[in-house]
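Here chain A shows up in two complexes: once beside chain B, once beside chain C.
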Partner chain A sequence: MDDYNDTAVITSEGLQCLIEALLNRSYQVVGPQIRDQAIVYDTLTDIDQLPQGWSDEQDGGHYRLRPRADGAYFGYAVGPHSWKRFLYPPHQSLWQANKDGDRLYFKDERPDPPRFAFLGVRACELNAIAIQDRVFMGDAYSDPDYQARREGTFIVALNCSEAGGTCFCASMACGPEVKTGFDLALTELLNEGPHRFLVESGSPAGLEVMAELPRRNTTRADLQAAWAVVENTRRSMGRTMPDTDIPALLLDNLTHPRWDDVAQRCLSCANCTMVCPTCFCSTVEDSSDLAGTTAERHRRWDSCFTADFSYLHGGSVRQSTRSRYRQWMTHKLATWVEQFGSSGCVGCGRCITWCPVGIDLTEEVRAIHDTSPKGKGEAR
Partner chain B sequence: MPPPDFMMPMPVKVMQRRQELATTWTLDVETGPDELAAFTPGQFNMLYVFGVGEIPVSFSGDPAGRDRHCFTVRAVGPVSRALTELPIAASLGKRGPYGTGWPLAAAEGADLALIAGGLGLAPLRPVLYHVLRYRQRYGRITLLYGTRSPSDILFRDELDGWRRRQDLEVRVTVDHAGSEWPGQVGVVPALVPTLGFDASNTVAFLCGPEVMMRLTASALLDAGLAPAGIYLSMERNMKCALGHCGHCQFGGVFVCKDGPVLPYPRLRGLLSLQEL
Partner chain C sequence: MNRPGRKPRLAVWKFASCDGCQLSFLDCEDELLDIAGAVDIAYFPEAMRGPIRGTYDVSLVEGSITTAGDAKRIQRVRQRSRTLVTIGACATAGGIQALRNFADIDAFVNVVYASPEYIATLATSTAIADHVPVDFELRGCPINKVQLVEVISAFLCGRRPVTPAHSVCIECKLRGTVCVMVAHGTPCLGPVTHAGCGALCPGYNRGCYGCYGPKENTNLPALSGQLATLGMTRPERLRFYRSFNAGAAPFQEESQRHES
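Coming up: the complex of A and B.
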């Protein structure tokens, strides 16, 4: 155990003190709240803004909020937002070019990176952040904006007390228990005593903040209750990824008829890539003024499901939906391992919930697995 | 303000422009700061035209030249068209060099087969400058170059000069031609068996349309070349060239940083798949 590891128990007043302690350190505190009938992430200053007393019902292509009677603050599974929108914004100015006669001048237009404190980061999402760290900071070129945002972020993680109908983090070994990569971790305890939170510090900064909170010492019963929360969540996963060598399975089956089958259902709408917490593809856009003296370049999220994405002198490499779905799924689950040393999927289930036709990647993998002519992926 | 961004181009000026073919031009461009002047043959730059956009373009000039970079561009899309229309003294944005180069050091001592199709001769031209400058480091050198028609043959004057050399074998072929064409007619892969390689000691560099490279690689393997001795220069859409935008993926390969020059074993099994 490192010397910054400590635990304590706080109440909802303690949670408010936590938000204030982070605001006092000039963080923008970002946490869950209800907007447009969904639980999204946005800045907040008060626990009253949290979705207390709300849960969600999720299935393929289905998301509904449901009230819950126990007054839980974090009694829902993940919604359409992920933290990537704060570390890697959907739209970002890059630079401005000014033309003066034959001369060109380039000016950095990136805004100062904000300092965020994330409140309620689940295990799947911590894993997703670690995956994007490897994408944006793990090779020869680091994305300086991502790096600055990432290094400035304070993370309050959350042990999951609620598995959604499309969750499968347990079978991706990405949850539901948070293990590393946080400053503080909360477990919301609703049973065996009053409504309270077990707090665990995971960094010196976390320990320092924890010391300011009104708190009591942890008892054996608190730890027992926290363990039970995670175990219960682990057992209630709505989905399971088949337990097999998935990279080998998919790369051995790049011409499997299932790709034609899924292409009949897939709308190529890109929703899955927008809600995915690890999808990192982007494009750049240029805009210029009417005088023709100023041009700006922006970066925005892009998706391998668009026709433009693979454009190469005169046409798209991936013209069919079949090829685009195959690109997305084989990248996420197979070639990602080769590129970044881990799967690109953390089992959060967002791509299933937010797919307008309810395509379920665990089901697609299972279908290929069960009908693979090549020995069910065992041999490559 | 975050630290300097690799996405920000450097302004440089067009020093010279030469029309190569009907819609193909070579631009000589300032190198920018000295530390960005050196490149390895096979690498590329991202070139930005004010208000239009940015595309990857391979270096096509002499890697030993330090005063300018050459880029040979065919007008096919809005950015490449705008590049070919840039007048002398116009400014453009440039960043790089990016990507892997041809394995010139590893190929020393071996025979070289340089096989190009169409505009694919441009990224191989720096290789020719290099190997002819250090001619004694390499064994037999063959350039096999194919285009669709005689009017698509790039760098004609240089090809003539290379053809006159005793230490370089140059074969040019076209897919189709009228009776006025005195040379070879036929596609590049079909000519591979006629080249007479020492298969055990030949390294092949391929650059051209993907289908031409795929069939040429097959022909080379049939001729007995080792898969690891065949290198291809791949092309995909690119927005960043840093491995971040995701556009250039070809299977697990990021063409921008793992390529564009890739050994055949890395591409085996991928080249034959449609729409990968």
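Coming up: the complex of A and C.
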């Protein structure tokens, strides 16, 4: 056990104290809240802004909020937003150039990165952040803005007490239990006693914040209740990914008829890639003003589902929906492993829920598996 | 500004349209002086009087072709223009008036006009590109003034304008808008519609109306299936596809598939 590892029990007042302790350290606290009938992530200052008493119903292309009677603060699964919005913003200005006579002057346009404290980061999301860490700062060529944002971030993780209808983190070995990568971790306890939270510290910074909270010592019953919460969640996953060598399965089946089948249904709208917490592709766009004296370079999220994404000299390499969907899935689940040392999927289910036509990657993999001459019979 | 030589000459032409796109031009209040500083606005009937003379470096064309006279006039505009840019749904897809393409024009004329014998019109409303080669199409009903300024700025620098042809959904996700289809069950054309508006309607909890026409690589039949699941009837879907961009090929084909 590391010397910064400690546990305690707090109440909802303690949760408010936690938010205040983070605000006092000049963090921008970002957490879940209800907006436009969904649970999104945005800045907050008070536990009253949390979606207390709400849950969600999720399926392919379907999301609805549902009230719950137990007053849980975190009784829902992940929503349309992910923390990538904050660590890797959708739009970013990179530089500006100004022309004065014959000279060009370049200016770094990136603002000072904000310091975030994330409240309620799920196990799948911690794994997604770890994946983006490898992508953006895993070797000598790191993204300085991502790195600055990331290094300034305080993470309050959360053990899931509710699996959504499209969750399958358990079969990706990415949840529901948080293991590493947090400063503090919460488990919301509604049974065997009053409404309370088990808090665990995972870093010196976490331990320091925890020491300021009104707290009591942990009992064996609290630990058992917390264990039961996670086990219950593990057993109620909405989806499962077939248990097989997925990289080999997909790469052996690049001409499988299922790719044509999914292309009939897919809109190539790119929602799946936008909501995915690990998808990291971007494009750069240049703009210039009417006077021709100022130019700016700007970065924005892009997706392998667009034609521009694979535009090379003379045209787009991936014209068909079939080739775009196959690129997405084979990168995410197969070639990612070779490139970054893990699958690119953490089983959060967002791409299933937020696909307007409900395309489900676990189903697509299963269909290929069940009808592939090589894979048949190995799964489940 | 230190570009060499004379200022490029710009003209704005009007065909069958509501003038809304030209008004978007005038709506560029903050940029209008900069535009006037960068180009010589040589012909623009909505804003100033001036004779048609010589050639134009860039022509912005609003409106669709609905009369035999306009079909000839667009040829002359093309001959006078080095670069021809169509602006708006009328010019790029025939506009709302392309609804006539699906109906009997004589019946319309007889119902609408007291003296139908004075009306000389074509049976169809068609896009400018159906008549002459077009160098660039700016989408929208009406166009987005920020995109118009971008097209002019890009033209002045000789670069390609940044007006991506991807879905409105990408704009929703960039701005963090909650999907109205998935979370509210509201029918939305965003997954098949060209970006450009910044996801205006979904930002106000409305479905997309398809003002910017089809995105690249559409799949209307798959969307129709989902709209049916959300409870939209066949006639409702037909009308959904027949608005400002009814004449754009993917929308037209899908609406016609809903006729039988």
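In the analysis below, the second predicted complex is superposed on the first by the 374 of 380 C-alpha atoms of A that agree within 3 Å, B and C clash if a C-alpha of one lies under 4 Å from a C-alpha of the other, contacts with A are read in each partner's own complex, and residues count from 1 in each chain.
Here is the rule we use: a contact is a pair of C-beta atoms (placed from the backbone, for glycine too) under 8 Å apart; a residue touches a chain by one contact, two chains touch by 3 or more.
Keep in mind that what you see is a predicted model, and the values were worked out from it rather than measured.
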Does chain B (first) or chain C (second) touch A:Arg299, or do both, or does neither?
first
Would you check which partner chain A:Phe106 touches, where first means chain B only, second means chain C only, and both and neither mean what they say?
first
Which superposed partner A:Cys276 touches (first chain B, second chain C, both, neither)
neither
Determine, under the contact definition given at the top, whether A:Ser268 touches first (chain B), second (chain C), both, or neither.
second
Examine A:Val365 and indicate which partner it touches, taking first as chain B and second as chain C; both and neither are also allowed.
neither
Taking the superposition as given, does A:Gln37 touch the first partner, chain B, the second, chain C, both, or neither?
second
Set of chain A residues, in rising order, touched by both chain B and chain C:
99, 286, 288, 292, 319-320
Okay, in this complex, where on chain A does chain B touch?
94-95, 97, 99, 102-106, 108, 110, 112-113, 135-136, 139-141, 143-145, 147-148, 254-255, 280-284, 286, 288, 292, 295, 297, 299, 302, 304, 309-314, 317-320, 322-323, 327, 331, 334-335, 338-339
In the complex, the residues of chain B that touch chain A are 1-11, 13, 48, 50-54, 76-77, 80, 89-93, 235-237, 239-240, 242-247, 249, 251-252, 254, 257, 273-276
Considering the complex alone, what residue numbers of chain A touch chain C?
35-38, 40, 61-64, 80-81, 85, 90-91, 99, 101, 264-271, 274-275, 285-293, 300-301, 303, 305-308, 319-321, 353-358
So in the complex, which bits of chain C are touching chain A?
1-3, 31, 34-35, 37-38, 149-150, 152-154, 156-157, 159, 162, 164-167, 169-170, 173-179, 181-184, 188, 190-192, 205, 216-219, 222-223, 225-226
